[in-house]
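For reference, the structure discussed in these notes is given below.
Chain IDs A, B, C and D follow the sequence of writing; residue 1 opens each chain.
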Amino acid sequence: MDSFWLIPILPLVGFLANGLVGKRLPKQAVAWIACLVVAASLLLSARAFYALMQVPPEERHVIHPLFTWVESGDFVARFEFLLDPLSAVMMLLVTGVGLLIHVYSVGYMWAGEGFYRYFAYLNLFMSSMLLLVAANNLLLMFVGWEGVGLCSYLLIGYWYFKKSASDAGKKAFVVNRVGDFGFLLGILLAFLTFQTLDFQAIFQQLGPEGEFAAESGKWGTLSWIAFLLFIGATGKSAQVPLYVWLPDAMEGPTPVSALIHAATMVTAGVYMVVRLNPLYSLTPGVSGLVATVGIFTAFYAATIALVQRDIKRILAYSTISQIGYMFAAAGVGGYAASIFHLSTHAYFKALLFLGAGSVMRALQNETDILRMGGLRKYLPVTYWTFLAATVAISGVPLTSGFFSKDEILVRSFSSGHTVIGIVGLATAVLTAFYMFRLFFLTFHGEQRLAPELRRGIHEPPPSMAVPLVLLALLSLFGGYGYGYLEGFLEPVTGEPLPARGEHSEALVLLTAVASGLGILAAYLFYVRNPTWAAAAQQALGGAHRLLWRKYYVDELYDRLFVHPLKRVSDHFLWRGVDERVVDGAVNGTAGLVRDLSGFLRQMQTGYARAYATWILLGTVGILVYYWMGG
Amino acid sequence: MPTDLHYLAILPEIITAATGIAIMLLDPFTAPQHKGRLGWLGVAGLLAAGVAGAAQSGRTMTAFGGMVQLDSYSVFFRWLFFGVSIGTILISLQYLKREGVHHSEFYALVLFATTGMSFMAASVDLILMFIGLETVAISTYVLAGFKRSDPRSNESAVKYFILGAFSTAVLLYGIAFLYGQTGSTRFDRVAEALSAQGPSAFFLVGLALLLVGFGFKVAMAPFHVWTPDVYEGAPSPVTAFLAVGPKAAGFAALVRVLYSALPDMENHWGDVLGLVAVLTMTVGNVAAITQSNIKRLLAYSSVAHAGYLLVGLVARNELGISAVLYYAVVYALMNLGAFTVVVIWSGAGETRVHLSDYAGIGFRYPFLTGCLSLFLLSLIGIPATGGFMGKVFLFAAAVQSHHVGLVVIAVLNSAVSAYYYLRIIVIMYMQEPAAQVPSVEIPVPAAVALVLAALGTLLTGLYPSALLDLASRSVLAVR
Amino acid sequence: MEQLIFYSLAGATVLFGMLVVIARNPVHSAIFLIGALMCIAGLYLQMGAEFVGGVQILVYVGGVMVLFLFVIMLVNVRTAERVRQLSPEWKTALLLAGALSVELVYLVLKGPGVFATAAPEAIPALQGNTQNVGAALYTKYLLPFEIASVLLLVAMIGAVALARSRMD
Amino acid sequence: MVPLNYYLILGALLFSVGALGVILKRNLITMFMSVELMLNSANLTFLAFAREWNQVSGQVLVFFVMVVAAAEAAVGLAIVIATYKNRKTVNADETASLRD
C-alpha cells in the first residue's frame, strides 16, 4: 500500500523518457515504454485497491507525504497523495482504461509522424490525471486539473497542420480558462474561509463539531466556495454553459477522444464534486444547481445529438449528456451512484470512440454517418463490440449502463427530485434513439459509401481489436458490482440514502421501457422505413435546423464575447481612429471634449509629448483623489 | 562626523562599481576582437559581489549616517540584481558582436546600473535612493540608445530619456514635499513625523508625486505609456534588462519607502495602488492581445505583470510582500529567458521580431522553442511553473486581507492573458513555417543563461518553499 | 524691500519660464531659460544660500546651458525653427497644466505653512554658508557624494559612447 | 523675511509651466529645457523648506540635484545628437515611428 505514490510518478517517467530521447528511439521502444509505465501503474493501483479491501472501512485512508511544497506563515500546502476508496477506484479506472487505450493507440497511430510525441503527451496526461485524483489538497488537485487541460489542448491540436485542429485546441484552452478562473477563485476563497486547503482539515471543520452549519436556504460563504468550484467543473466537464469546446475537441486523434474527452478527464469535475461531498452536502442551494445544470445538460445535449451526422460529434454530445447524468446524481446526493455511472460510462464510451476510430480507420477518416451504412459484414468485430457499447449506453436491461442509469433515477425519485427523475427518463429515451440511429446508419441498411472507399475495408489489427473486446465485456458485465462499490465508497461518500424506495421495481421497469422505446423508434425510422426519417426532417424543418446548428450557441458566444473583445482591442487601445481623423478633429473648431476623447484614443501614438500628457494626467488624477479624500 | 562609515556594508556595490571602472580602464588595452573578455570580467565582478553579499547575509546594520541599511531585504535584492546583470551580459556577448556595436562601455554601464539598483534596494534615505535611481536611469538611457546608428534604438532612447527626466522631476518634487514636512529625508524620521503629525497636505502631495515617479519606473498604468515603444526600439538584451532589473529595483525601493517611511498612510497609498493595479493589469493584457511584434507583446506583458505585483503590495500583509519578492525573482527568470530566445532568434539587425517569424519553427529548434514555451506557460501561470506559484501567493495574500474584488479582477486578467501567450506557442508549433526556416546558431553563453532560467522557472514552481522562505525572512527587515 | 526683491525676482522667473515655452526659436528659449535660472540663483542668494546660488550660476548657467546652446547650433536651428513648435492639443495641455497648478497651490496653502522651527542641526561651528555645506557633504552626505561621482562617470562614459563619431 | 508659502507657490507655478512645456513643445531640446524648469522648481522648494527648518542639508540636496541635472543634460544631449545624425531632425513628433 505504501508504494501507491508511484502511481502518478511512473507515467511521468514515461513522459520524460519519450519526450527527451523518444525521437531517437525506434517506434517499438517508444510504444513499449509508454505502455509499460501505465501497466505498472495499473498493477500498483490494483494492489492498492486490494490492500484497501483488506483493512476495515475506518482505516481505508492512507496519506503519503512526499515533501512540504509551500510553507509561509499560515499558508501551508504539502505535496502529498491520498489513498482512500474514492481515489483507489478512480486510479484503477484511469489506469485500466488508460492502458487499453494506450495499446489501441499503438496500432492506430503507427503510421503517422511524431509517434513519440503522441505517447509522451499521453503519458503526461496520465500522470496529471492521476495527480488530480490522488491529490490530498485543493492546490495540488488544481495542478493536476491544469495539467490535464494542457495535455488535452496539446492532443486536440496534435494534428496542428489542420487549422480546424489548432483552432479547436485554442478554443478548448480558452473556455477552460474561464472555468479555471472560477476554480482558482474557489480555492482562494476556501483558503480564506478554512485557513487550509487539506481535504481532511476542511472536512473536519465542516463536520458536526466544526463551526459551519448547513446553509439551507441562505447563500453564504460555503455556497460561494461550492459555486465557484462548480464553475470550474462546468468548464472541465463540458456542462452548460461551458460545454462548447468538447464537440470541437473531436479534431484530435480518436484514441485521445476516447481517453481524455470521454472516459477520464471530462469526468474530473464529477470527481471533484464527489471528493468535496461534505461541502456540497452542506450547501443544498448549490447542490440543487449542480443537479439542475446536470440534468438540463443531459437533456439538451441529447437533443442536439439527435440530428448530427458526424460520428464523433454525436459521441461528443452523448458524452456531455452522460456527464450531465453524473452531475445530476451528485447534485441529488447520490455520490456513489455518480461514481458508478462515471465508471460504466468510461467503459462504454471509450469503447464507442475506439469503435468509431476503427470505422474511420477502415474508411479513410470518413466521419459522416449518412455516407456509411452496411458495414456490418465488413467489420464484424467492430460491429459486435460497438453493439455491446450501444446497448449499454442505451440502458438495455442487464447491461452496465442500465444499472447505473437506473440507480441515478432511483436516487432522484427517492430523494424527492421528481422533475429531475422525469427529465432523466425522457433523456434515456432520447439516448437510446440517437445511439441506435448512429448504430443503424453506420452498420445496417444500404451501403452509401463513396465508391473509392469500398475497396480495402478491413478489420483492425489485434492490438486494436483486443482492447475493443475487453471493453465490450466490461460494458456488458461491468455493472454487477454496484452493491459492493457503494459499500466500498461509504467511508468517503457517507451513508447511502435510505434504501431504494417502494417504487424502485416500477422504476426498473420504466427504465427498461424508456430504452426499449428509443430503440424501437430508431429501428422504425432508420431500418424499417428509412423514408420516415426524411419525412420527419421535412415536417420539422425549423426545429431540425435549430438542432442541426446546435441552438446557434457558438454563433451567440461569438457575438457576445469574441467580437466585442476584438472590437475593444481594435478600436479603443489600438491605433483607434487614424491620425487624420484625430488631427482633423483637433485642428478644426473642435471643442475641449473632442480634444479629450482624442487623447483617450491616441494613447500609443508614438509621440513623446502625448505620453508625457498621460503621465501628467495620472499625476493630476492622484492629486485630485487625495484632495477630495484627504 | 558620522561614526558608522562601514565600508563593508556596501562592499558588493564597491566591487560592482570598481569592476565597471576597471572595464573602462582596460578597454584601451583590449583588442576589438577580445572585448568579450571584458564582459567576462564583468560577470566575474558580479559573482564576486554576490559572494561578498552572501558573506553578509544574516547581519543587520545601518551605515553612513543611517543612509544605507544592510539587512536580509537588501541582500535578497542584491542577489536578484547581480543575477539579472549576469544574465544580461551572457546574452549580450554574442549579440553585440553580431550587431557590430561591441564596445566595452556596454558592460561598464550594466555594472554601474547594477550598482545603482543595489543602492535603491539598500537605501533608507530618500536622497540616496534618488541618486541610486538616477544612476540606473542614466545608464539605461544610454543602453537603450546603444545601437546609435539604428534609428529605432535612437528613438527608444529619446523617448525613454525625455519621459524619464520628466518623471524624475516629478519624483524629486515629491521628495521635496516630504522633506519639507518632516525636516529629514531618512525613512525612520519621516515615519516618526508622520505618526506624530498625521497625514497632512504636504504628505499627500509628497506621496502622490512619489507614486507617479515610481509608477513610471515600474510601468504602472497610466505611467506605462513609454514601455512598448522603448522596449521595442531598444537592443533586445537591453530590453530584457529594462524589463527585469530596473523594474524590480523600482519595486524594491517602492516597498521600502511605503512600508518604512509611510506606514501610517497605508490606506492612502493602498487605495490608489489598488485602483492602479486594476488599471495596469487590464491595460497591459488588453493591449497585448493584438500585438504582432514579440518585443512589444512582451512589453505589454511586463506592464500586466507589474499589475500582479501591485496586488501583493496592496494586500499589505507579510505574505503579500514575500509574494512580491518571490514573484520578482520568478518574473526575472521567465522574462530574461523569453527575451534570450528573442535575442537569439531575431538575427542580425533584429529582423525577425514579428510573430510570423516564429511560424513553424517549433520542431526545427526544439531547444529554443521548448524553453520559450516553458517561459510563456509560466507567464500564463500554469501549475508546476514558478509563475503559477507566484500568482497563487500574490492572490492568496490579497484574499487574506479581504481584497476579494481585486483578486477576482486579477484572476480574470490572467485568464485573458492566456490567449496571447498561447498564440505564440500555437504559431511556433502549429503553423506552416515560412518558405525557408532560417538557420541560427545558439551561442553557448546565451544557452547557459537559457538553461539556468528554465531550471529556475521549473524549480520555483515545483519546490517553491526554499525561495519563499528566503523571501519571507527578507521581509522581516522591512516590516 | 525684501518683499520687493522677491516679487520682482519671482515675477521675472515665471515670466522667463513662460517665454521658454512660448518662444518659437530654440535659441530664444535657451536664452530665456538662462534668465529664469539667473533669477532663481538670485532667490537662492536671498535665502542665504550663497553656495548653491553660486553653483547655480557656475554649473547651470555656465555649463549646462552653454551645452544646450552648442547642441542647438549643432543641430541646425534653421530646420528646427520652421516646424510648428506647439502641439495641436494645446487646449488640453493648458487645461492639464492649469489643473496641476491649481491643485498644487491649493495643497500648499492648505499645508501647515509655518513650522515649529526645529533646532538647527548640530554642525561644527564653521564660518559661513559654503563651509557648512562643504562640511555636510564630506561627513553626513559622504555616501551620496561618492555615488554622485559614479553618476557623473556614467554620464561621461554614456555621452562619449553615444555621441562620438563613428569608430566602429 | 518672505514667508515660506510664497516660495512654495512660486515653485508650484514654475513646476506647472515646466510640465506644460513638456507636453506642449515639439522640439526635443526645448522639451528638455522645460524639464530643467521643473527640476529648478523642485530645488527652489527644497531650499525654501531648508531655510524654514534652519538646516543646511536642504542645500546639500540641491547640490546633488544639480549634479544629477548636469549628468542628465550630458547624456540627454548626446542622445539628441545621435538621433539627429540618423534622422536629421530634433522634432519629437518626427521621432515617432515606434507606435501601436
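Note that contacts are C-beta pairs under 8 Å (C-beta built on N, C-alpha and C of every residue); 3 or more make two chains touch, one makes a residue touch a chain.
Here the structure is a predicted model, which is why all the values come from computation and not from measurement.
Engineer: Out of A-D and B-D, which chain pair has the most contact pairs?
Structural biologist: Contact tally favours B-D.
Engineer: Need the CA-centroid distance for the pair chain A / chain D, whole Å please.
Structural biologist: The mean C-alpha positions of chain A and chain D differ by 61 Å.
Engineer: State, to the nearest whole Å, the distance from the C-alpha centre of chain B to the C-alpha centre of chain D.
Structural biologist: The computed centroid separation for chain B versus chain D comes out at 26 Å.
Engineer: Centre to centre, by mean C-alpha position, how many angstrom separate chain A and chain C?
Structural biologist: One centre to the other, that is 67 Å.
Engineer: Using Cα averages as centroids, what's the distance between chain B and chain C in whole Å?
Structural biologist: That gives a centre separation of 30 Å.
Engineer: Hey, what residues on chain D touch two or more of the other chains?
Structural biologist: Counting only residues that touch two or more other chains, chain D contributes 8, 15, 18-19, 22-26, 28, 31-32, 48, 52-53, 55, 57, 64, 68, 71-72, 75, 78-80, 82, 92-93, 95-100.
Engineer: Which positions in chain A touch two or more other chains at once?
Structural biologist: Correct list: 573-574, 603-604, 606-610, 612-613, 616-617, 619, 623, 627.
Engineer: Where in chain C do residues touch at least two different other chains?
Structural biologist: Only 87, 93, 96-97, 100, 104, 107-108, 111, 115, 118, 140-141, 144, 148, 151, 154-155, 158-160, 162 qualify.
Engineer: Draw the chains as dots and join the ones that touch; what shape do you get: line, ring, star, complete or other?
Structural biologist: If you draw each chain as a dot and join those that touch, every dot ends up joined to every other.
Engineer: Which residues of chain B touch chain C in their complex?
Structural biologist: For chain B paired with chain C, touching residues are 1-2, 5, 10, 17, 21, 24, 63-65, 67-68, 100-101, 103, 105, 108-109, 112, 115-116, 119, 125, 127-128, 131-132, 134-135, 138-139, 141-142, 145-146, 148-149, 157, 181, 183, 200-202, 204-205.
Engineer: Going by the contact rule set out above, which residues of chain C touch chain B in the complex?
Structural biologist: 104, 107-108, 110-112, 115, 118, 139-144, 147-148, 150-151, 153-155, 157-162, 166, 168
Engineer: Show me the residue ranges of chain D that touch chain C in the complex, using the header's touch definition.
Structural biologist: Residues of chain D touching chain C: 1-10, 12-21, 23-27, 29-30, 32-34, 36-37, 40, 43-44, 47-48, 50-57, 59-60, 62-64, 66-75, 77-82, 84, 88-91, 93.
Engineer: Hey, which residues of chain A end up touching chain D in the complex?
Structural biologist: It comes out as residues 573-575, 603-609, 612-613, 616.
Engineer: Chain B touches which residues of chain A in the complex?
Structural biologist: Residues in contact with chain B: 67-75, 139, 142-143, 146-147, 150, 157, 160-161, 165-166, 169-170, 173-174, 177-178, 180-181, 184-185, 188-189, 191-192, 565, 568-570, 573-574, 603-604, 606, 608, 610-612, 614-615, 617-619, 622-623, 625-627, 629-630.
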